[in-house]
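Down below are the structures I want you to see.
You will see chain A twice below: alongside chain B first, and alongside chain C after that.
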Partner chain A sequence: MQSLIHARGLVKRFGDFTAVDGIDLDVAPGEAFGFLGPNGAGKSSTMRMIGCVSMPSSGELRIFGMDPVRDGVRIRGRLGVCPQLDNLDPDLTVRENLTTYARYFGLSRAEARLRADELLDFAQLRDRAASQVEPLSGGMKRRLTIARAMVGDPALVLLDEPTTGLDPQARHLLWERLFQLRRRGVTLVLTTHYMDEAEQLCDRLVVMDGGRIVAEGSPRSLIAAHCTPEVVELRFAEEGDHAGKLAGVGRAEALPDRVLLYVDDGDDAVAEVHRRGLAPSGVLVRRSTLEDVFLQLTGRTLVE
Partner chain B sequence: MVSAMVAARLSPVRVGAVMGRNVGALRSGPAYWLVVVSGFFEPVLYLLSIGVGVGALVGRLEVGGGRVVDYAAFVAPAMLAVSAMSGALAETTFNFFFKMKYAKTFEAILATPVRPVEIAVGELAWALVRSAVYTGAFLVVMVAMGLTGGWWALAAFPAAMLVALAFGGVGMALSTLMRGWQDFDLLGTGQFALFLFSGTFSPVSDYPAVMEAVVVATPLFHAVELVRGLAIGQVGWGLVGHAGYLVVMAVAGLAFAARRIQRTLCA
Partner chain C sequence: MGATAAVLERHLVMYRRLWRGSVFSSFVLPVLFLAGIGLGVGGYVGEIGGVGYLAWITPGVLASTAFQTAIGESTYSVMGDFKWVRSYHAMYAAPVRVGEMVAGRLVYILLRVVVAAAVFLGVTALFGALRSPWAPLSLAVVALVGLAAAAPVTAFAATVEHDSYFALLFRFVMIPSALFSGVFFPVEQLPGPARVLACLSPLWHGVELSRAATLGVFPAWPVWAHVACLLVWAAAGTAWAVSAFGRRLRD
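Up next is the complex of A and B:
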């Protein structure tokens, strides 16, 4: 099947700074695809190129099989975009934000009204329809921004950190909405800093770092490829070189407040820890998560 | 022709949608209306205080070709050109800048099929609407005061619209270059200088030669000459030159603004 998004050697430069440094991508219709990566990795820059707002500096990019440089108008007509920062129109009401946006996609006034009604329900904002945007809570604004992205009945929806800053209720509501979209066959491409979100929502994801793709796969296969199945977190009351005494048990990583042991079987490892005479004050055995993979791939220190 | 190619691909629906957004914003509150209404009264107050008030001292004025008109009839068309200018500038400077820089309105629009040039054209068309309201109302005042009449009043209206397009286009271009609100003080000062010295209150031939040469190069002079020529029925080939000057301003301003929107927001 033809890729909805196809990129080869995609590069974005700002002056002599390279934000996206030659990435290859293929996203199939109906897929939910995620970008992970630390701040400044180049996720938003990539999203803006896919959204046909920012033009690639070099490399090949095809969206729906079309060229963003020549067919930007037609491509954008089939896209829905939720930017990283809300840019709702402060001079318009909640409903007008939707109807006005629908007009940019060429819908008639009557169609725009119908569409706005549907989307107000979708975003659970019907009772705020006549309100200005400013007094809405952050979560409501985010919901409205996502609803606005749906106005043109898009085949591909781009969501740049859709749930950043939302409380758990709002996040779960959004996830549920995104599942609805997927069931309707809409292709989703999203970026997120929440690993649980990526695991929940994405069939496949890439981890970006420094403008490059450093890993790619399904959440499960990434964990399998880059991490052990289980992680043991050990906390110690007294200071000391605890990690040094764990040689052979598994890969040990000493953090300021605890030691992480990457192992195949957590319970076996805990037994071994005790056998070696270590007395941790706290022990937690858990499954590896995408977060472990992420930190392993992109490092624990903050690099700006 | 590049401009013909651009025009061929402009979508009236999308340009209309950009204008429609501003119609929606009109309903957002009384603050906007207050600004709009005060914009109408300003040139009327000048007309009354200077055109009529000072006019009582000045009496009548020779406008060339042996024609003599009341001073108020000389000043009124200039005020008409000024109101066309300031109506268009108000939209394409303050409001445009706010939408571009702070409200991220254009950024949101550019994620849709709308293109930068369609934003520029839609915004300019909207500025034209605001200007049309000012100039239309001002023309009614002029007719009521007997300062212009019949067909000439009708001819002055499209001329005033051309003035609005010219200043709207250039104002928009300048707005894309503005760094912050402090730059608007500069713009305001420039606008006021044009207002005082563009042959608005006295014929430029009365200025010292050097000053006349400078004034003749500036835009409001051409706007005033064109509008005045039509409003008082003093028509000649010179008007074509003035109109040409304004057309160039409108087209160049628009093209520059569209390009800058693309440069800054589609990086």
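Up next is the complex of A and C:
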């Protein structure tokens, strides 16, 4: 099957600074694909190139098999974009934001009205349809931005940090909406700082760091490839080289506030810790997550 | 140019929300101004070019109002749509071309300017200030003046990062233009170098054409020469605006 997004050696430079440093990507139709990475990793820069609003400095990029430089307008007509920063018209009403945007995609006025009605339901903003955007809460604005991205009935939706700054309830509502889109066969590409979000929403993801892709796969396969099945988190009341005393138990990672111990069996490891005479003030055994993968790959935590 | 209408529509929807604030400056102020200067000062001035002062400055105030409205509407709102609202970024993420953004915006300014001018023209007809059957043509002149002023200022507004530049624009370009472009007195009164500057201003060409239309007199230059000067401003300004929008949006 033809890739919806195809990139080879994609580079984005700003002056001397290289924000995206030669990445390869292929996203298939119907896939939910995620970019994970710390601040400044180059996620948004990549998304903007895919959205055809930022020109690649070098490398190859094809969206729907077309060239963003030559066919930018045609590609954008089939995309829905939710940028990292909301760019709604604050003086217009919720409904007007949807109808004016629909007109950019060539919908007639009547079609735009119908579409706005559907999307007001989709975003659960029908009761706010006539209110201005300015006083809406952050979560409502975010939902409206995502609904607005859907006006052109896109085949590919780009979501740059769709849930950053939302409370847990608003996030779950958004996830539910994104699942709906996936069920309809819409291809989703999103960036996030949240591991649980990536695990929930993405079939496949890449971890970016410093403009490069440092790992790629499904959430499960990334954990299997880069991490042990379980992690023991140890907290100690007193300072000391605790990690040094754990040699042989598993790979130990000393963080400022705790020691992480990567092991196959967490309970066995805890028993061994106690046998060695260590007395942690807190012990937590859990399954490893993408967060641990990220830590393994980059030596840094994802959300500082 | 399919999305031009959609961009125009967005500006009109915005205006529907904000129009009240502009009623005074677009419709009431020019008439008050005309009454104050035309009747008040006119009482001391007597006739110019064979007509009363009120009739003489009416076409000038008409063109000048269009000029100032076009400039005023093309400054903060353009910069704001790039810097704060980012509505041009939103359009650019949709299938809207940069040329369509500029065109939609300029057509919007044209509508604003021409509607305000039509109201003004109706009021001045009641004052008996229109002396020629060509008077309605002054609306076409006003449209051209609006375009010649709005296009380069839109381009300028798309390149600046700070609104203090607009204060400079108003102080050193707009106000001198409005004062010395033949609106209140013939440019022949000006010393030589200043007269050259006045000839560069799109407003002077607009005032000459507008006066020709409402009074049925010949303008200073052939009509085609005045029109050509306005078209050069409009065309060069539009080209600059398209390139400035493009540079601002693509990185």
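The rule is simple: the second predicted complex is superposed on the first by the 300 of 304 C-alpha atoms of A that agree within 3 Å, B and C clash if a C-alpha of one lies under 4 Å from a C-alpha of the other, contacts with A are read in each partner's own complex, and residues count from 1 in each chain.
Methods note: contacts are C-beta pairs under 8 Å (C-beta built on N, C-alpha and C of every residue); 3 or more make two chains touch, one makes a residue touch a chain.
For clarity, every value in this text was computed on a predicted model and none was experimentally measured.
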{"item": "When chain B and chain C are modelled together on chain A, clash or fit", "value": "clash"}
{"item": "First (chain B), second (chain C), both or neither touched by A:Val53", "value": "both"}
{"item": "Touching partner for A:Pro90 - first (chain B), second (chain C), both, neither", "value": "both"}
{"item": "Chain B and chain C footprints on chain A, overlapping residues", "value": "14, 51, 53-55, 73-74, 76-77, 79, 81, 83, 85, 87-92, 96, 100-101, 103-106, 152"}
{"item": "Residues of chain C that touch chain A when the two form their complex", "value": "2-3, 5-7, 9-10, 13-14, 17-18, 85-87, 89-97, 249-251"}
{"item": "Chain B residues touching chain A - in the complex, by the definition given at the top", "value": "11, 13-14, 16-18, 20-21, 24-25, 28, 103-105, 107-115, 265-267"}
{"item": "Touch list for chain A against partner chain C, complex", "value": "14, 51, 53-55, 73-74, 76-77, 79, 81, 83, 85, 87-92, 96, 100-101, 103-106, 152"}
{"item": "Footprint of chain B on chain A - complex, ascending", "value": "14, 51, 53-55, 72-74, 76-77, 79, 81, 83, 85, 87-92, 96, 99-101, 103-106, 132, 152"}
